[in-house]
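Order as written gives the chain letters A, B, C, D, E and F; numbering starts at 1 within each chain.
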Amino acid sequence: MVINPISPTVDFDQDGVQHGFLKLPYSHDQSAWGSIMIPITVVKNGTGPTAVLTGANHGDEYEGPIALYDLAAKIDPVDVSGRIIIVPAFNYPAFLSGTRTSPIDGGNLNRIFPGRPDGTVTQKIADFFQYQILSRADYVLDIHSGGRTLEFIPFAACHVLPDKRQEKRCVEAMRAFNAPYSLMLLEIDSVGMYDSAAEELGRVFVSTELGGGGSASATTIKIAKKGIENFLKHAGILAGDPLIEPTVNLDMPDGRCYVSCETPGLIEYTVELGEEVEEGQVVAVVHEVTRTGRPPALYRAGISGIFTGRHYPGMINMGDIVAVIAVPV
Amino acid sequence: MVINPISPTVDFDQDGVQHGFLKLPYSHDQSAWGSIMIPITVVKNGTGPTAVLTGANHGDEYEGPIALYDLAAKIDPVDVSGRIIIVPAFNYPAFLSGTRTSPIDGGNLNRIFPGRPDGTVTQKIADFFQYQILSRADYVLDIHSGGRTLEFIPFAACHVLPDKRQEKRCVEAMRAFNAPYSLMLLEIDSVGMYDSAAEELGRVFVSTELGGGGSASATTIKIAKKGIENFLKHAGILAGDPLIEPTVNLDMPDGRCYVSCETPGLIEYTVELGEEVEEGQVVAVVHEVTRTGRPPALYRAGISGIFTGRHYPGMINMGDIVAVIAVPV
Amino acid sequence: MVINPISPTVDFDQDGVQHGFLKLPYSHDQSAWGSIMIPITVVKNGTGPTAVLTGANHGDEYEGPIALYDLAAKIDPVDVSGRIIIVPAFNYPAFLSGTRTSPIDGGNLNRIFPGRPDGTVTQKIADFFQYQILSRADYVLDIHSGGRTLEFIPFAACHVLPDKRQEKRCVEAMRAFNAPYSLMLLEIDSVGMYDSAAEELGRVFVSTELGGGGSASATTIKIAKKGIENFLKHAGILAGDPLIEPTVNLDMPDGRCYVSCETPGLIEYTVELGEEVEEGQVVAVVHEVTRTGRPPALYRAGISGIFTGRHYPGMINMGDIVAVIAVPV
Amino acid sequence: MVINPISPTVDFDQDGVQHGFLKLPYSHDQSAWGSIMIPITVVKNGTGPTAVLTGANHGDEYEGPIALYDLAAKIDPVDVSGRIIIVPAFNYPAFLSGTRTSPIDGGNLNRIFPGRPDGTVTQKIADFFQYQILSRADYVLDIHSGGRTLEFIPFAACHVLPDKRQEKRCVEAMRAFNAPYSLMLLEIDSVGMYDSAAEELGRVFVSTELGGGGSASATTIKIAKKGIENFLKHAGILAGDPLIEPTVNLDMPDGRCYVSCETPGLIEYTVELGEEVEEGQVVAVVHEVTRTGRPPALYRAGISGIFTGRHYPGMINMGDIVAVIAVPV
Amino acid sequence: MVINPISPTVDFDQDGVQHGFLKLPYSHDQSAWGSIMIPITVVKNGTGPTAVLTGANHGDEYEGPIALYDLAAKIDPVDVSGRIIIVPAFNYPAFLSGTRTSPIDGGNLNRIFPGRPDGTVTQKIADFFQYQILSRADYVLDIHSGGRTLEFIPFAACHVLPDKRQEKRCVEAMRAFNAPYSLMLLEIDSVGMYDSAAEELGRVFVSTELGGGGSASATTIKIAKKGIENFLKHAGILAGDPLIEPTVNLDMPDGRCYVSCETPGLIEYTVELGEEVEEGQVVAVVHEVTRTGRPPALYRAGISGIFTGRHYPGMINMGDIVAVIAVPV
Amino acid sequence: MVINPISPTVDFDQDGVQHGFLKLPYSHDQSAWGSIMIPITVVKNGTGPTAVLTGANHGDEYEGPIALYDLAAKIDPVDVSGRIIIVPAFNYPAFLSGTRTSPIDGGNLNRIFPGRPDGTVTQKIADFFQYQILSRADYVLDIHSGGRTLEFIPFAACHVLPDKRQEKRCVEAMRAFNAPYSLMLLEIDSVGMYDSAAEELGRVFVSTELGGGGSASATTIKIAKKGIENFLKHAGILAGDPLIEPTVNLDMPDGRCYVSCETPGLIEYTVELGEEVEEGQVVAVVHEVTRTGRPPALYRAGISGIFTGRHYPGMINMGDIVAVIAVPV
């Protein structure tokens, strides 16, 4: 049996706050005996549930890392009942390079679970979380945003699950996170996701999309910070009640929610994220760039609802997502 | 004397609308006898002033190209008195690669004027505009945004000029553009700018910054479209009066307007663009990413005013701009 | 069980002509929710056999894509009895980059069958053809050329097969294709080939090599077009008889047919493709390039026959093929 | 005054055959005190004219280097009256990388004359030939082909010159070279060419285009070898009369000889190089590749004549040359 | 069953000396039908044991290749009793690029055993040695150095093995090699190593680390040459007794032997390799480079012993090894 | 007149110690309004001479930066009479990338003086030192090593100068530095060197080569630290007398001191740096690597003397330096 070579420099069972690393040996041309040092903070105080908080599952999504580096620096074990495991930059090599996937092996951490202990760097990270971290967790929060190529209205999400009691606990945790929007997802293709790995182990799991474009704003950072604090209060790890403000509940009934691109070019959006759109309404046009004087291609909403997500860069390619539309419930 | 090898496929003196190219011979490894084909539209109707409209002077700024490809496709010569020269993607190789500078020669088109007819690709473009385009212009509008690494509140700008009559005409044109913000610039280092080239020739010149992040929104695109139409009405090339809405007039008195970074890491903004800030107020903090548990570095406003510009990507390096603050007048 | 995520936008069972895509979801740094859109045309009219026609199995081979984009644009369902599935650019990412293998995963599509539904992009394409396309096929034609690094005399080919009735049907189809040369292949290493995948399913399979060098000429394009029309007539999908002209039948008895390089340098061929060579005759010499004044290395034919294939680029490396010689039968 | 740092390891004034180098100091990251060693052969016997023979002025053109490495290895000074300076790989770094231009500085050696002694690597080579090699020459032959991106019928060429006596001497040398085609060129843009540098110094200068595609065939290599021998006989450096076979004399009267591309895609030629074409005849079509079912763009001859040159790779871009047509005289 | 496609051009059972290749077919974009040609020498004389000698298992380690190319050029079969198989550049693609791992597939040959016959290039090499080379071996010597990123005092090494008789034979062979230092290794993670593959087959196996930094000195080359000759004499393949000089026997009891880096920057060593250090003694400091005026981070020995290995480049990253300390026994 | 845009954040005329930056604005694709921040320390106390100390003129040379970051962190203004300007990483972008030249513009800082204020990044650094730093200097010390591709015995050096009084002052300063070797240089090509820039301004200038290979050892770091302290004592800026140990005085009379490579391959040195060699003695051999069994090429000393410098990497190319030999005086 192959042992995962990642060794933590923190003791998960020790009370107090520890700042350390998940040390992942990585022999390569620039360092024959090198290691990747993934920062981790463990805060523990007595008994109680364990929450695992992660950011930068995709390396170009910033609300999670910002809120979690901040939390790790400020958290006082006195305020904690139970344990918080904070990994602000889950796919750390991707985070350092500011890219969705790992520059080392191209690994998309959220499509690679359960990983392999003798696999690539990204597979080793997945395997370690599958067998060493999720096994210690009761509550799991993975903070995503749109990254450099997508932008979303800020929402928390959970999944339709076969175990309706688990689903209910996840929905309650999503509501406790209390983002401006809350989305119920029926994933078509959940193979390899961290979400599925956590859910299959029976954990209370919440995910988010809080913005995008490879940046973070004061507003979306505040949503992340409030959501984390609410989530920990909901889990009973921090004292007090979550601060609850109005949220819009959304659903994505079927494939009409997605508009995709069949004409590469320069994309001009005609509506803003968060606006209501009618089925058939033009949400974007795409201009051919090799010459002037051509009429642009029109892209229309396939369903009425809220303009929830969009392509971010100025140029768009064949097959890219133009628009995501969700339906208020 | 060296002749600029760029040949236009349009006739600048012909009435009607022509869609063509500035054809720039470029011999390289992928095409021994290749050319760069920069799209151009010329619309002319009788006599009257000439306006030159450009986008993508930097290749990752999108409001200009979107509004100008759109204008080129829709403009009817019947509505025109005089001439409009539209070049939606000024530094076309940079625009195609979605980068600020040209992937061919690294050229920053806005620092390379007056260019050289026998220079690099970017220098040839500059030389052609210096001697063939600006010479035909009365009104010049160059639409910028922040690009992939900066983000701004949407403003039109003009410069303090030695010729106060010319300055006044530029200010009037900037006001006609009527962006939400209007900024009077005293450039410290204007060497090589297209702006300076146009102004030194006595043209009425207006520039803008309309957003950033390497994307464009429905809102900023509308600002660009309205501004262009207003600008052409102000020049008398389109009929009617500019549509004028309230604008905030801004000034940048001195170096205190700029906050720059001396600690690389993950940047967390604490205020939104457009908010008022007080001198000494923290506008952003930077988290070290190699380890958790460290207090972040604080960045404070050097002057009271409006938070006008920021670094866009989630990570920031030594020497990058953290914040630009402008003062309402 | 893992489902192949490729979804066709065409209905294989609908009469008439449909131009659409095989849509392959591909999440990467440049597009988090992107897709690869492989063009496909399905032409169907009533009942009858199904032919699958592919080009650009290797991305730098052009006679196939040219003839098939042309066919897809011109074909009238009225002329068809049965069904034609046309995929002009089989390994579409490789085709777009003009390289033999995929720039995404380095995949050589013709060595990767039967693929994997949860594998790399190239593995997913192979899996989809294995289970969704070949299952619908009666006749399969895969048009190859030499690509950027090899050049061949134009030939159609089929394989020695264990099932002699199937082999006979393949030979008849190869003869119907009627290239200037017809070659009977005993593949040493057929693992992972599309050829083998089709043959093992009992399909009538024909392959070709029609030229090379990463280009196509009017002559080789005509061979491809005539061959495709002949192949479809032979299958009974188009009406009429194949147009048959003289062909030279060739065989490759053993390893003496291959001459390979053991001296890197500049290669000088002394015979033209299609010429007869005698065993022991010098077919090429290789000049060392680091200095002048050295005698070149000589490469001799290992068998008498027709000079059938050669290295294309001006420089040659250790281990590259110098010459392929086939024996007329 | 700056001295060119290139030092030859051969003595240009010594009788006999010497194989050596032009040693060009080049300090870079892979070798702090490195040099580029350009192979050179000098053959001298008594008094008489000097011929300078070069290949690989562009690094992906192979008939010249093949014929000249071969000549350098075989030449016997006893057969020579005067001097031959042989540089088979003129832009040696480009030749080693198989690219038109230098991988070191992007330099196109044939557009950079007279170079600079303190410039880039390519500029230093040009300066050395301008002041150290051409100054020693009477006859200059520079053997080109189409390279990886162009293909030509095999022709020798010379230029219309202001000095008609010099022009006549060049034409006689071109005819002595005796390629299958002979072309009289009126260059529009001869700035920076080696051709112009030699002609301005009053040398007898002949250039060629002998094929292309980044390869060489037995046929085109024979044309080069015969042409070089003829050229040296014509100069009186080798004994005997040139071997003269029929040639087709061609002219290129004006811009109608060039057809250029305005639709990127997959190019399908409908005529072969060397065929006669009529004005208005379709010589090629370009297929859009992002989808099937579209009619291709048609490209027509602008003048009646011989199809003389074409784009070589299977894919073509905006602004690339589609066809060159020359007119028999 | 899949057959390894590597074919040797030498006959392992033929007496005399043969210089040839392990020919590994490798189809790629630069050569559709190319091969990697790994140089190999087989020297055989009558019956007797077989020694397999390899260098460049990692491509940036040079004492092995130097000593083995030298041996292959000089060895006289008359002096041999048995057989020597010499592969100077084991991971040949890595060796050609001067990198630890293969530029083709990133493969670390010493972590990939037993390989796969249908795997990547590096996996194919491993599989061939596993089943074709080690099966023929009695004595196996694999000569390593530190490579570009590590530097060691020169030592031979063998492993603690479960079969104590085999271990004893390995220790005797290590002592016969007689490097200045001899190290007994208890590998923590020996999965995929060539060492383990040889040992599990019961071979007498010796490894070394003879220097590093991506270079070799006259001194370390002499150690390699003497060690190889001694090893072959010890095996009885060459006549005579090994030349034995004093060696220092070393042990590495536990993890305290390793000091690793948690502060990226510029590394300043305070002791030389081979010096004795005391537990707690500063062996290196690391300077932050983004600013001056900061105190450096201190790195201390975790155990008393000999300073055995260090990081080589001037800059060091998080997780790199700072120091290896071994304990004299 | 163009102003150099570099702005120092330190005041050169202020007493005490200041740690700051030379801030060089650099607009590029990763940061539109970015700057390069070159660390600098200024230490001043009263009146007295000014010494300028630099390291990493080439970015892969480490003794200088190590000793100077260390000095900057420890220096106490109380110990200073006059002023010390410390720039540990002169070509800072090259230093950060660990390469000889700048990754931004390929600039070799030591061949680019006097630079240009409106040039590339490296040219701007040179211009700033030419006009802002050297103008303030009395004593200038620039600490070099061999870098990644060369290795030297540790020496200090100065040049033969036209002004013999200045030369004498430089020689005295070199002797004060007191490296194990002291070398008197007659540079052939000193164009563009920092050395020449300083000397032409009449400064007392000393340079060094202290090791190489892209690393630094405890021994060579000690030589640098002692040399700097001695140099500052000699200048009267630090109190006390230089610590003087024996040094070997060397001379390099002519081109026979250099042995250069004409056979690419694997280099085997037969003597160690610092050993005495006789004219004609083999100092290295080069093995061809494409095959085994070939005799290596031999390289011999052209003059008797001390083996002073060598190529560092294991592989060597055409034109690289094999050996530098200096003659004791």
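A few notes on this one:
Methods note: a contact is a pair of C-beta atoms (placed from the backbone, for glycine too) under 8 Å apart; a residue touches a chain by one contact, two chains touch by 3 or more.
Note that this is a predicted model, so its numbers are computed, not measured.
Of the chain pairs listed in A-B, A-E or C-F, the one whose interface repeats that of C-D (more than half of its contact pairs identical by residue number) is A-B. Least-squares overlay of CA atoms from chain A onto chain E yields a rotation of 120° to the nearest 5. Centroids of chain A and chain C (each the mean of its C-alpha atoms) stand 43 Å apart.
For the pair chain A and chain F, the distance between mean C-alpha positions equals 49 Å. The set of chain B residues that touch two or more partner chains comprises 21, 37, 60, 262, 290-291, 318.
In terms of inter-chain touching, the protein chains here follow a pattern that is not a line, ring, star or complete graph.
Taken together, the chains touch in the following pairs: A-B, A-C, A-D, A-E, B-D, B-E, B-F, C-D, C-E, C-F, D-F, E-F. The touching residues of chain E, counted against chain C in their complex, run 2, 5, 21, 23, 25-37, 118. Across the complex, chain B meets chain F through its residues 58, 60, 99-101, 108, 111, 146-150, 189, 191, 260, 262, 311, 317-321. Put simply, chain C touches chain D in their complex at residues 17, 19, 21, 37, 39-41, 60, 62, 65-66, 69-70, 72-73, 86, 88-89, 95-96, 98, 151, 213-219, 221, 266, 268-272, 287, 289-296, 312-315. Residue ranges of chain D in contact with chain A, taken from their complex: 262, 264, 290-291, 318.
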